[in-house]
Amino acid sequence: MIRFMNVHKWFKDLHVLNDVSLTVAAGEVVVVCGPSGSGKSTLIRTVNQLESINSGEIWVDGKNVADPKTDLNALRAKVGFVFQHFNLYPHLSVLDNITLSPLMVKKMERAAADKLALQLLERVGLAHKKDAFPAQLSGGQQQRVAIARGLAMQPQVMLFDEPTSALDPEMIGEVLHVMKDLAESGMTMMVVTHEMGFAREVADRVVFVDHGQIIEEAQPEEFFMNPQHDRAKQFLRQLLTPMQ
Amino acid sequence: MRFTSRLICTATVGALLAAPAMSAELTGTLKKIKDSGTIVVGHRDASIPFSYLDNNQQPIGYSMDLANKVVAAVKKELKMPGLKVQYNLVTSQTRIPLVQNGTVDFECGSTTNNLERQKQVDFSVGIFEIGTRLLTKKTSGIKDFTDLKGKNVVTTAGTTSERLIKAMNAEKQMGMNIISAKDHGESFLMAESGRAVAFMMDDALLYGEMAKAKAPAEWVVTGKPQSFEIYGCMMRKEDPAFKKVVDDTIKATYKSGEINKIYTKWFMNPVPPKGLNLNFPMSDELKGLIKSPTDKSAEQM
Amino acid sequence: MNYNWDWNVFFKSTGIGNEIYLDWFVSGLGWTIAVALAGWIIALALGSLLGVMRTLPNKTASAIATGYVELFRNVPLLVQLFIWYFLVPDLLPEKAQIWFKQDLSPATSAYLSVVVCLGLFTAARVCEQVRTGIQALPKGQNYAAMAMGFQQAQVYRYVLLPQAFRVIIPPLTSEFLNIFKNSSVASLIGLMELLAQTKQTAEFSANLFEAFTLATVLYFVLNMSLMKLMGWVETRLRVPGMMGGAK
């Protein structure tokens, strides 16, 4: 479904992605983790070309996203993206946030789009908030709406860029719960997160990134119990016992 | 100190009995001038050749020559040869309030004496008389006001000509389009650029604009004057002592014939800043005014 | 100062037809509104377009808009007016020149010139407000819309502009008021709007202070009403939960 082949990216002199190769199969859930500044957010943003790359290839659903001939808008419509800061449209109601893309990009009928949006809101447990505005919702609720918004395009892949790091601790659970349900429904997912509990329970594979390189790639159990690389060990130690 | 000097001054004057008027206590503008040691003369910046600025930014012109005679008379009257003279620029909008509020002691420019203005200020005896006529291209075929039916005519905003032509248009239903331009220069530009076939204004000013034209020979001042207007110097109301000094000065200039020299200097010879010659011979109306000076407006005559 | 006040002057005959001075003020107010509203439509449409252009990644589009703003903001309004009224018509083909200068009534040709002039001048200012409004939005809004597969035009139409305009209503209000105040330049090319009628009344009646007092009151009432109107628009467009909106 997603395939990175020798991807490089520079921000001026900074080598943010250094020869990254990675495959995410259909139906697979891959968690990407690593210290901050390691390049993991950049990595996930290259999938739908919110960030461009300097060399290498990224294939999504059989298309090379770095190829100028690829219709990026059509491709992006098939890839759902959930941001750290939700990025809901503040001037639109919850329902309109979800229906905007189906209406404008897919040219769906209003009634069908509304029906779909209500189903998705039901799924994330927020049907009763359909007429609310984003600023009237808690962070956790906003992120659940953002997930519903991503799903509204009926994507083949969902990308999550640190979906819980901007949330108060008591709201993290509700969002992870929705993500877990989604994974169980068979969605292909690539998730940048520090939620190791989620990784352990839901992920098929964990990828550890540092200094723009993939350093370790393993089954969750193996990664957590027996990390191979020193930097991965140090990362896990800091994550589990931050005071030391 | 001031009191003492005034005392001495008054005493001296009284002793010499040079001017009987001076023995009485000064009032109004003369007192203000005496107290401040300064006389403030209002002038215009572009009323050619009446009152305008030369290349050194000094006010000059026909009306300014008369104003300077008034200043000389005030110096003599107050026995203050060292009296300071200050020139203050006024516009058509500011001239009346600035005279009223005392910023300017008197103004000699191109201000028409009329009944509305007489409610606000006093006028000296007339210093000039104009007729309101038309400036047009010789090729336009316009000979008189009746030829203007259905045409575009320009005049300068806020002038008597504007009022006259608008009234004429309403009364005689001539269907003219009247443009009110912001100043004489712009009015002429409207005529020159073909937006208007004729420019209605005081004839003296029309001759001034014609002299400035790229090709003065292409233009002509025409039409029967729709009105005559008398220009006067403006001063504050109800100040007979000062008005007498101004009026007497102007009348003396008329009587001595010196006015003819001043007229010739400004209307029949090249004038600064560009050395243009207006070639505007003295009208019978002005000759009449000089013969029998009056401070009445033309409409009162 | 010995000024002769006369507040009845507005009901006195102007000496032209049956008009009283008050009629002049009413007609002047009408022209002022007609000039300002038409200019505002141009300013808002063109200014929004230019504002968007300034934020586009496309360097050419952004440079064109920047050049426009620099040009129109740095040349005084009066100079621009004289260019539009005296210079531009002379650059037209012969037939169009005659039509503009002679077939159109002077009021119409002056009106067209001043509307275009004010519209283009104010557009440069609106452009800057729109640009600021767009740039003040979180970057994530652009990303979110792009990630949904929106075309660039759709990103602006549905996501960025609706938010940017809400943010810039207060500065836009002041531009809206400015165009009403700036419309007084029309008096300088002979269009009898409120200021021109005021000056004319002052000259004809010699009741300068009464005339300008009434003009002050009219401009004040006009601008207060416009502010109320824009305040109402702002309240109507306010998003619940945001910027002091209803909870």
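What to note about this one:
We just call them A, B and C in the order they show up, numbering each chain from 1.
The criterion applied here is as follows: a residue touches a chain if its C-beta (ideal position, glycine included) is under 8 Å from a C-beta of that chain, and two chains touch if they have at least 3 such contacts.
Note that the structure is predicted; figures quoted are calculated from it, not measured.
Chain closest to the overall centre, judged by the mean of its C-alpha atoms against the mean of all protein C-alpha atoms: C. With respect to subunit A, maximal separation of chain centres occurs for B (centres as means of Cα atoms).
The mean-CA centres of subunit A and subunit C are about 47 angstrom from one another, to the nearest whole unit. A separation of 39 Å divides the Cα centre of subunit B from that of subunit C. Averaged Cα coordinates give subunit A a centre that lies 84 Å from the centre of subunit B.
Multi-chain contact residues of subunit B (touching two or more other chains) are absent.
The touching residues of subunit C, when paired with subunit A in their complex, are 138, 140-141, 143-151, 154, 158-159, 162-163, 166, 239-242, 245, 247. Subunit C contributes residues 1-4, 6, 14-17, 19, 86, 89-90, 97, 101-102, 105-107, 109-110, 187-190, 192, 196, 199-200, 202-209 to its touches with subunit B in the complex.
Across the complex, subunit C is touched by residues 48, 50, 73-79, 81, 83, 85, 87-91, 100-101, 104-105, 132-136, 149, 153 of subunit A. Residues of subunit B touching subunit C in their complex: 92-93, 96-97, 100-102, 114, 116-117, 119-120, 152, 154, 157-159, 162-163, 166-167, 170-171, 177-182, 186, 189-190, 193-196, 236-238.
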